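The two complexes that follow have subunit A in common; it is paired with subunit B in the first and with subunit C in the second.
The block that comes next holds the complex of A and B.
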């Protein structure tokens, strides 16, 4: 379980707190969405959960162990991976090379990494003829699927996504949502998606709303929690 | 090791993927290497030329005196002076008494051949091997050896030997017309060596009417040990000479001063100094050319460094995003920096290697151009002084043989050091967070 315990964060000593005393748990097998107004700190949440930033106060824990102990790099190599709105792929590499790069960083390499990359890409609907094309020549939907493949191929349990459907049309967005649901249901992944999209929000299991630096459960989940 | 191979693979993927940026870097590094090569080439060339000028300019001081004791004691005293060539005894002896004696053959002498000169020039030295002709390489022994025994011996020219059918071990007799003797004197000598001469020896010789002339001698020279003449004809050698060759022609005045201190009575000796300004002339010309070259080099280096700065900046900016992605994927920051260093070094090493191969091929041309330009400048700026071909050829060879190697080594060290420093600075750069730009602003 990935947890935030009384997490507060600000970007500089003389700046306002973006998050103040946030508590939240993210468990494998669930699809979470975090939404809120622009500038509310949604992305900061993702950054803290993946160890890219360190809380000013409070702790982020993985299975009860502080990320300060685990280390951000170790966390991202083995447990957490990111998906970005602008895909953040290496545009000059092929789809396979992009995925292999991530697998190599996680510790595997050679032919095994390549086979794994091809397998994952195929499972996400990237055809063989597209696997070895430079990713900049692929469509937005294909590029986002390559990005998902990159995060899945490393074997991370937690996938953190920042507006993953932000640049996609409704059809492609639905395709990505279906993939997310498959990952959660079939592979027990924990998916935390920061989004403005109603479509994504509706598909998620648990929704958090972030306002005034506070993260709170929203909708049925909130009612259930209150109950 | 696995880390390194992963980094290397990724680096090569990046270089091939962003080849335009790295091609620009390669070109700039190659240009800088070439400019530095020319810079170091010239630096080395001018340093060597300066050394050559100081050590090879034929500066000498000639002391002539009728005081045998003075002639004998001076070399020992002068040995202390740092500018006197070679303070060891052997070298000093080369500059010891030298006498040119006009030897006129009679009708019955072995040298009296129809249509040939009836004169030979007898040159007496304490060490024939180190006399001017042999020391400069103008004369070289082709048979036999220099005199070593106690019996009177002589080294003769191969042309003379051939014309007279002389061989090593043959005895010859010469009639010498010597100053202080009214009648010609007979000298019997054994041929111990035969030499070959490249150019006529320059010396003072006497025409048939007794007029002394200095220049390329029309007569064949024979070399005899100084003692052979000194013992047999003491009166002929009424005035002895000591010739000091200097290691530094600029030291002439200080050496002369020391002479005067050692010999307070100027009436007892004649002191003269001679300097051949060939190398000094070349040195001045090279300095003039060098100023132009160095000015051009600085301008080029300035421009190239500016372009290098922008090329590196462009690569860095594009790599900055890659670095963010790699860090988000869990890569260690030091590995991200190492990859950047590796990318720069791979391109740098390729650029430097290719340039140095080119520079290696360019060296002879550069040497010829440099020496040609120096000669041209020397001829224009120093009118009236002929620049000798031998000196120029020597300089071109010197530049080609040494300047190239030196320049290659230093240019490559300089360029690669700069690249390593730039690459290492990335370790500091990537220790800061380049990941925030991965997320879209909310």
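The block that comes next holds the complex of A and C.
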């Protein structure tokens, strides 16, 4: 479980807190969305969960161990992976090479890495003819699927996605959502998605709203929590 | 990681080409400069070695003085008997003494003092070598003012060279003559050293003897007695000199005596005796002082001048200065220019390289952010960036090294003719009627050590150029890098 315990964060000593005493748990097998107005700190929240930022106060824990102890690099290499709105792929590589690179960084190199990359890409609807094309020549939807494949192939339990459908049309967005659901349901991944999209939000299991530095459950889950 | 590095390099053709071209350009200028510098420098060293550095200490010879009695007259009353032949009067010669030589030889940078005698001798139990290139002396007209007797005697002659330090003589010091058998003659090892050609032609080997005598006309000229000497062959040398007879040869067949194959080197004492000198009739009045470098000539000269010698009657000559200045000037200019090119290319190239790599590296912010997000460690990111640049730079540098060889060879070919003409004028050992060539040209040879040194310096610059911006980027919070990357 990935937990935020009384997490506060601000960018500088003389700046306001972006997050203030946030508590949240993210468990495998669940699809989480975090939404809120622009500048509310959604991406910051994701960065803290992925060890790209360190809390000013409080702790982020992975299975009860502080991320300070685990270390950001180790965390991202083995436990957490990112999906970005603008895909963040190596543009000069093919889809397979992009996925293989991530697998290699996670410490699983060799011939198996390529087979694994092909398998994952195929499962996410990337056809064989597209696998070895430079990713910049692929459509937005395809690129995002490659980015998802990259995060899945490393074997991370926690997938953090920042506006993954932001650049996609409704049809492609739905395709991504379906993939996310499959990952959560079939592979027991924990998916935390920061989004403005109603479509994504509606598909998620648990929704958090971030306002005024506070993360709060929203919708049915909130009602259930209150109950 | 290597695959990623390789892909990065080949998939960014514009950046790769710009960096490659810059390094290639800087490399080619630098490597050409280094090659040219070392070529000029090695040629300069070789020239200096060939020229040697010599001073000559020479005692004055004062002409005989005739004291006239007051009242005597040179008028018509003087009889035939009273006519004095001035040549018969003893001239006063100031000798170079053993003590002087010891003092000079004790000075720093002095290789040794050498005393030299040379004359044409007639062999009796062997024949001289008639090996030549160019014009056949036997078919050439003899127009020199030799008497018939001289020509007859000197047709089959050898040149006897007596020296106290054969190893310091030009041919041996330059490596043109190399001892192949036996040993060099010296006071402790009296005898002669003959060429392989002379030995082979006459079936001579170490332990045999050659019988020679100074030719009669020369004995007369030197006021000595021609007397046959049997001298043991103590050594045999190989000569890389060749004997070219020119159209202008005026000695006819007698020119063979000047051939390097017919040079017979003897210890000073054996030559002294062969010529027919005695201590009473001949006083050595000069010695050549061999200094280890022309640049030390002035300081050695000053030190010799400080020795308590009666300088009113002795003179110290600089035998090398003029030749050195003539021959060395162009070489100095080439090596100075080349050194300037090297320094310029290193400084300007270094700055350009650092800038280029920094800009090139800054464009990697996106990739740095992405790799951090994927969990790659910072040292590995830095290493991959270094490898990327190193791959391009090493390829460009290797190409520059190869091209610089051709460029410098071309430059050298254009510089050589003038240089050779200068060295020919100053070449030591040219004969009036034949010549011995001293091979001298700008020898272009790539210097792996210098290239490695340059490559090392280049890599150091690259290391700095990659590390500084990369370190700055990586000191940022990972989130900031990703923000910049986005």
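Please note the rule applied: the second predicted complex is superposed on the first by the 227 of 227 C-alpha atoms of A that agree within 3 Å, B and C clash if a C-alpha of one lies under 4 Å from a C-alpha of the other, contacts with A are read in each partner's own complex, and residues count from 1 in each chain.
Here, contacts are C-beta pairs under 8 Å (C-beta built on N, C-alpha and C of every residue); 3 or more make two chains touch, one makes a residue touch a chain.
Just so you know, these numbers come straight off a predicted model, no measurement behind them.
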| item | value |
| --- | --- |
| When subunit B and subunit C are modelled together on subunit A, clash or fit | clash |
| Superposed model, subunit A: greater residue contact from subunit B or subunit C | B |
| Contacts of A:88 with subunit B and subunit C, given as first, second, both or neither | both |
| Partner chain in contact with A:12 - subunit B first, subunit C second, else both or neither | neither |
| Which superposed partner A:38 touches (first subunit B, second subunit C, both, neither) | first |
| Contacts of A:97 with subunit B and subunit C, given as first, second, both or neither | both |
| Which of subunit B and subunit C A:166 touches, first, second, both or neither | first |
| First (subunit B), second (subunit C), both or neither touched by A:64 | neither |
| Subunit C-contacting residues of subunit A that also contact subunit B | 47, 50, 52-53, 73-78, 81-82, 84, 86, 88-90, 92-93, 97, 101-102, 104-106, 134, 150, 154 |
| Subunit A contact footprint on subunit B (complex, rising order) | 2, 5-6, 9-10, 13-14, 16-18, 321-322, 324-333, 433, 435-436, 438-440, 442 |
| Subunit A residues within the subunit C interface of the complex | 44, 47, 50, 52-53, 72-78, 81-82, 84, 86, 88-90, 92-93, 97, 101-102, 104-106, 134, 150, 154 |
| Subunit B partner contacts - residues on subunit A that touch it in the complex | 38-40, 42-43, 46-47, 50, 52-53, 73-78, 81-82, 84-86, 88-93, 97, 101-102, 104-106, 109, 134, 150, 154, 162-163, 166 |
| Complex contact set, residues of subunit C against subunit A | 1, 3-4, 7-8, 11-12, 367, 369-378, 477-479, 482, 485-486 |
